[in-house]
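Have a look at these structures, which come just after this line.
After this come two complexes, each holding chain A, first together with chain B and then together with chain C.
Take a look at the complex of A and B:
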C-alpha cells in the first residue's frame, strides 16, 4: 500500500565537537569577548584605572547580575517573572529595616532570613501561576505592585540602614573590587552550577523546551516550574541584600523595581537565553549585566550627551541581539 | 483465555467536557501476545492509550495488569508497573542532549546504547542535541528507552508512521523479541499490512466502543476495514468516475518550465489544466518538497519559470502565490491551522488574509461561506471551540476544505492523507475530486501509490529531482514504483 523505501536509512554524521561547542557556548563566548573589549576601552578611557574603577564595576553590577540570574532561571523554564525587581526592592527594604544598628552577625542572620523569605514568596507566586492557569505575565505583574506596596508599608519611605562592616563584607570598601566579585562567583558556583547539573535543573530546561514532551518523559511539570520560581526568589533576595549593602539603606520606590526588572530582561536577552525557554545558561546573563553596567559609563566618559547615551544604550542592545540572530541564521542555513 | 491475560481493561471511559472521546471500551492483551489496537480517527484509540499510560485520568473503568489494578498518574509511574510506552508525540526534549534526556527519566545511557545496538542502530551520539537528530532515529531512541525498562507491556502508538521501511522492520524485530520472552505489545498503526503481518490479535474501536476482537491474519484487510467503518463501509469503486478528457486548447492553469530549485530539483516542466488532478509520485527526498515550496512561493527558484493562467508568477512570499489563487496544503496539518482558534475562523482565515480585500469583513458573507464549507466537509463540530481538538482526519479535511470556501483555483496537496484512517481518506478523495470537478487544478504528491488510481487523472514521477516519467492513472502500482526507482517500464516485465 505505502511506498516501500528501499534504501537503508543511516544516521547522518554527528556534528563535530567544535560545532557543538559553538552552538552551545558560542553566544557566551561572544558576550565575554564584548565585555573584554569594553573593559579595555574603559581602561584606556580612565587615567588611573585601578581598584576604585574595578570596585565601581563589580559592586555596581552585583545587583543586576543577581537579578539577571533571577530572571534567567524562570525564562529558561519557559516563563517570565515580572516581579523580580519588586522582590529585590522588598528584600532591600525588609533587610534595611531590620539591619539598622545591628551587629554584623545579626546582619548575616537577617540576610539569610530575607533570602529564605523571598524564596518562599516567589515559590508561592510560582505555585499561583501553575495552579491558577493564569498567564505568568499577569500574575507576576500584579504581584510586582503588591511587593512594592508591602515594601512601602514596611519602610514608609527611604530609610533603614545597615552595619558598615556588613556593607564592606558584601560590596567591599572604597577600592576593593574583590568581595562583590567573590560573592557573585560563589553564588554562581555554589547555587546555580550544582542545580543545573542536577535532575531538577535538567527538568527546568525540559519544561522550558517542550512541556508536553517533558510530561511524557515523566517530569512533574508544575513542580519543575515552581522550583524555577523558588530559585528566582533566592537570586532576587540576594540582589536585595546586595542593594542594602551597597546603598546602606532601603528605598521602597516603584521606579527602582521597574528599572531593575527591565535591566534583568535586557541582560537575559543579551546573555543569549531564548525567551521561548529551554536554551541558554546563566553565565551569559551575568556577563551581559557587566556589559550593561559598562555601556553608560563608557558613553558618558566619551563625552556623549547623557540624553543621547540612553538612546545609544538601547541601540547597542538591539544591535548585539540582531547580530547574534543573524549569525544563528547563517549557521542554520549551512 | 482470561486466566493468562496480562492487561485487562474494562469499561474505560473518558470525556473532555461535553465531547465524549471514549464511551466504554474493553481491551484484553494476553501474555506473550502482540495485540493491535485499530480504529478510524476519532474512534478513541489515542484516548485509550493515554488513559492506560497515565497521561490522562480516565472517568470510569478498571484496568488490571496480571490481576492487579493499575492506577497511573503519570507515564513515569508506568515503568514501575511494567508498562512502557512510545507515544505518538516524541517524549524527548529538543533542546537537551540525549544524555540529559536519559538522565531525566533515570535511564542508564549504557543500557540504551546496548538496546540500540540490539536493534542494529548505530551512530547516535549521546552528547548530540535531540533537535539535531532526524525524527526516525528519535523514534528508535524512544523505543530503546522504553525497552531498557524491560516492560511487561510495550505500548507503541503509531511508531511506524514516521519510519522508513528498514527502520520499521527493526521495530517488528523488537516486537517479536518482546513476545518471545513472554512480554506483550500493544501496537497502534494505520498500516493494516503491518498489523496483519506482525500481530497475533487485534481489537477494533469504533465511536468510543470496542466492536470486534479477532486474529488479523484470518480476517485480513476486508474484515478489519469493515469493523472500523461499520455500516459506513462501501465497496471501493475507483472506476465509476468518468474520466473527463480535458481539451488541449484550454489554457493550462499551472505551467512550469525548466524549474530548478534547492539542491536537487532540476529542469522540471509540467502543466496542470483546470479540472485535472495530477499526481506526483516519488520516493522520500527526491525534491518534491522543494517543488511544492517553490510553487507555493515559499522558496525562490534557481532557474525556470512558473506561469499561472498564462501569466508569469514571481512569488517572493506565499501571500503572492495565494493572491494568484494558489493554495498549499502541507502534510503537517498543524502547520496550516491555528490550533487554538475555532473551526469557523480557520476556514475563514485564507479569505480574510487575501491581500486584495480591504476594510471590515462582512460577517454575514463570511458566515455563509463558512457554513457551506462546514456542511460540505461533514466535520464533527462538537469540538468547534478549538481546531486542535479535532482528530487528525478532521483537521486535514479542514485544511483542504477551507480553500473551497473562497474558490481557490490551483491547489497543491502534499501527501494529504498521511496518518489518516481509511474512512476519512475516502472523504478526502471525494473532496479532492469535487474541487477538481468545480474547475480547479490540483497537483498532489502522495506516498500511497494506490491514491494515484483512486484520485488522479495522470501521474508524474519524480526521481532525483527530475521528472522521469508520465504515466496514466491506471498504470498500476508496480509500474509507478519501478518508475519511482528510476527504472524503465520495459524492465518491469523482465524483472
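Take a look at the complex of A and C:
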C-alpha cells in the first residue's frame, strides 16, 4: 500500500476477487464457521451424537429458519414485517384446526391451502403498506393484533391436532432425523434461489437498496414490495405448518407470536442482512437460526443454569451485532 | 347550488389544513366520541369511579408511550420498555426493606442503566434500535430469571413499598387517581422540554436529519444516549406505578403494554421515522386506547374480537392521519 510514486489519478484500484468475496459473503462465511464450531462443540459435548440430537436440532430450527426467511425477504426489500410471528401463529392454528383426525392426503391439501392463504393475506398486507403510505412498522404491527385475534377465533385455546404420519413426514422421527433439514433445503433451493435470480428477486434487491433509483430505473416499486410480502407470507405459512407438525397442535397465544417475531429479527440481523435493506441473502439468516437454536442447547449441556443461558443468549446477540456495527464503521472510515 | 359548492370547497380544505396541523384536535374528537359511545352503553363510565378507572389505566400506558414517543422522534424505537419496567418493579419490591425512597431511587437507576446501554448500542455502536432493544429485553429477562433462581439476588421478600401502593393505586381527589400526579409531572416536563430545551430540539433535529446534525456539530451519539436514558427512566416509573396498583411484581407483568405503547404513539401522530410529532398527541392516543379497551369489554367482546378491533382501529386511525396530513412515507 505504501507506494513511493504519487498517484496521478483518483481512480480506485480494482478490487481483487478475494476482497469482493469478503465484502459480499464474509459475514455469511463467518456465521457458517461459527455454526460449524458450535456443531463440533455440541458433537463433543453429547456422548452419542445420533439421531435424537440431530432431530432435535433440525426440527427445532425448522420453524425459526423459515420465519427468518419470511422476515429476511421483507427486510431485503427495504421494509420490516412485524406480523410474521402472528401470521405463523395464524397458520399454525388454522392448519391444526382442520388437520385434526384428517388423513395424510387431506393434511397435505390443508397445508397447501394454508400456505396459499398466508401468501394472499401477506400480499394484501404489502398492498396496504404501499397503497396507504403508512409506515410498514405501523401496518404490520396493527395486523399482528388482528392475526392473533383471528387465530384465537379459529381455535379458542390450545388445541387442534394433526395426523401423526404427516408429522413424521415433515419433522421425521428419532430414527429418521433428516426430513426437516431436507424440507428446509428444498424450500431454500426451490423457492428462494429461483426467486432471487428472477426479475422479481432482482427488483426486490433494487427496491431495498434505493427505492428512488429503482423507480427511475423503471422498476414498479409497489409491485416489487408486494411480491416480497407474498413470498414472506409463503415462508410464514410454511413455518406455521412446521409448528403444527412438530407440536401436533395449535396454540393461539400472543406471547408465541411476539417471541417468534423477535427470534426472526435476531436471526436476520445475525445472518448479515442489513436492516436498511438491499444487502445480504437468506442463507445467512437460515444459518443464524441454527446458531440461535444451538446456543441454549450448548449452554445447558455445559452445565449453565437455564436462566443464565437466557441471559447469555441476549448478550451474545447484542455482542455480535455491536461487532458488526464496529466493522461497518471501520469499513466506512477506510 | 353553485354557491354552496364554491364555499364548501375552501372550507373542507381549511378543515384539512387544521386537521393536518393539529392532530390533537382530531384525536380529542375521537376520544370524546369513544367516551360518549362507551358511556351510553355503560353509564357507570360517567360516574366518578368510571372516569377514575380510565385515568388509572391510561397513566402507565401513557408513560410507556412517552418513552416510545421520544424514541420515535429520534427515528428509533424501544422494545425493551416493558422488561425494564418489570426489572425496576422487582428491584423496588426486593429493596423495600431499605426504605421506600432508596428502593425507588435504585429502581430508577436500574431503568436509567438499561436505557444507557441501549443508548450506547444505538448511538455509539450504531446498532439498529429495534435489534438493540430486543437484545436488551432478552438480557433483562435473563437477569430477572437468574435473580429469581434459588439463591439469586431477587429472591428476598418482595414487598411493594406502601409509598408505591399509594402512588400507583391511591386517589388524590374525586376522580383523579394519585398516579395522574406523576403522569402530569412527566407530561409537563416532556411537553415543555421537547420544545423549549436544547436537548428537546436536538432530539427532533436528530430524527429529522442525523447527517445534517452531525455536520452542524451536534454530537448525535450523546443525544441518542440521553434519549434512551430518559426512555428507561420513564419505563421504570411506569413499572413502579403498575406494581403499586397491582400490589405485586412478576417477570412478565407489564409485557402486554409493549405493543399498545407503540400504538399509542403512532395514533398520537408521532412519525416512527423521526422528526415530527409530540407528546400531546400521545397522551390522547393512550386515552383513546384505554377507552377503546373499556368499550370492547363493555360490549362483552371476547379476547379474539378485542384483538381484531384493536388492530383495526390502530390501522384506521393511522391511515386517516396519513391521508389527512399527506405525509406518506414513500
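What we mean here is this: the second predicted complex is superposed on the first by the 309 of 334 C-alpha atoms of A that agree within 3 Å, B and C clash if a C-alpha of one lies under 4 Å from a C-alpha of the other, contacts with A are read in each partner's own complex, and residues count from 1 in each chain.
The rule is short, and it goes like this: contacts are C-beta pairs under 8 Å (C-beta built on N, C-alpha and C of every residue); 3 or more make two chains touch, one makes a residue touch a chain.
In this text, all values refer to a predicted model and were calculated from it rather than measured experimentally.
Student: Which partner does A:15 reach: the first (chain B), the second (chain C), both, or neither?
Tutor: Once the two structures are laid over each other on A, A:15 reaches chain B alone.
Student: Output check: A:214 vs chain B and chain C. Expected answer is one of first, second, both, neither. What do you get?
Tutor: Only chain B is touched by A:214; chain C is not.
Student: If we overlay the two complexes on their shared chain A, which of chain B and chain C does A:41 touch? Say first, second, both or neither.
Tutor: neither
Student: Is the number of chain A residues in contact higher for chain B or for chain C?
Tutor: Higher number of touched chain A residues: C.
Student: Could you say whether A:109 touches chain B, chain C, both of them, or neither, answering first, second, both or neither?
Tutor: In the superposed model, A:109 contacts neither chain B nor chain C.
Student: Which of the two partners, first being chain B and second being chain C, lies in contact with A:135: first, second, both, or neither?
Tutor: Once the two structures are laid over each other on A, A:135 reaches chain C alone.
Student: Is A:124 touching anything from chain B or chain C once the two structures are fitted on A? First, second, both or neither.
Tutor: In the superposed model, A:124 contacts neither chain B nor chain C.
Student: Residue numbers of chain A touching chain C in their complex, please.
Tutor: Residue positions touching the partner: 80, 128, 130, 132-139, 141-146, 148-150, 152-153, 156, 211, 221, 252, 254-255, 258, 262, 265-266, 269, 275, 305-315, 317-318, 321-322, 324-326, 328-329.
Student: Would you pull the chain A residues touching chain B in the complex into a rising list?
Tutor: The touching residues are 1-15, 20, 23-24, 199, 202-203, 205-206, 208-210, 212-220, 278-279.
Student: So in the complex, the part of chain B that touches chain A is made up of which residues?
Tutor: Of all residues in chain B, those touching chain A are 55, 74-77, 79, 87, 89-96, 100-101, 103-106, 121-125, 127-129, 132-134, 136-137, 164-167, 191-193, 281, 283-284, 447-450, 481, 484-485.
Student: Could you list, by residue number, the parts of chain C that touch chain A in their complex?
Tutor: 77, 79, 121, 125-128, 130-132, 134-143, 145-146, 148-149, 252, 255, 258-259, 262-263, 266, 271-273, 302-312, 314-315, 318-319, 322-323, 327-330
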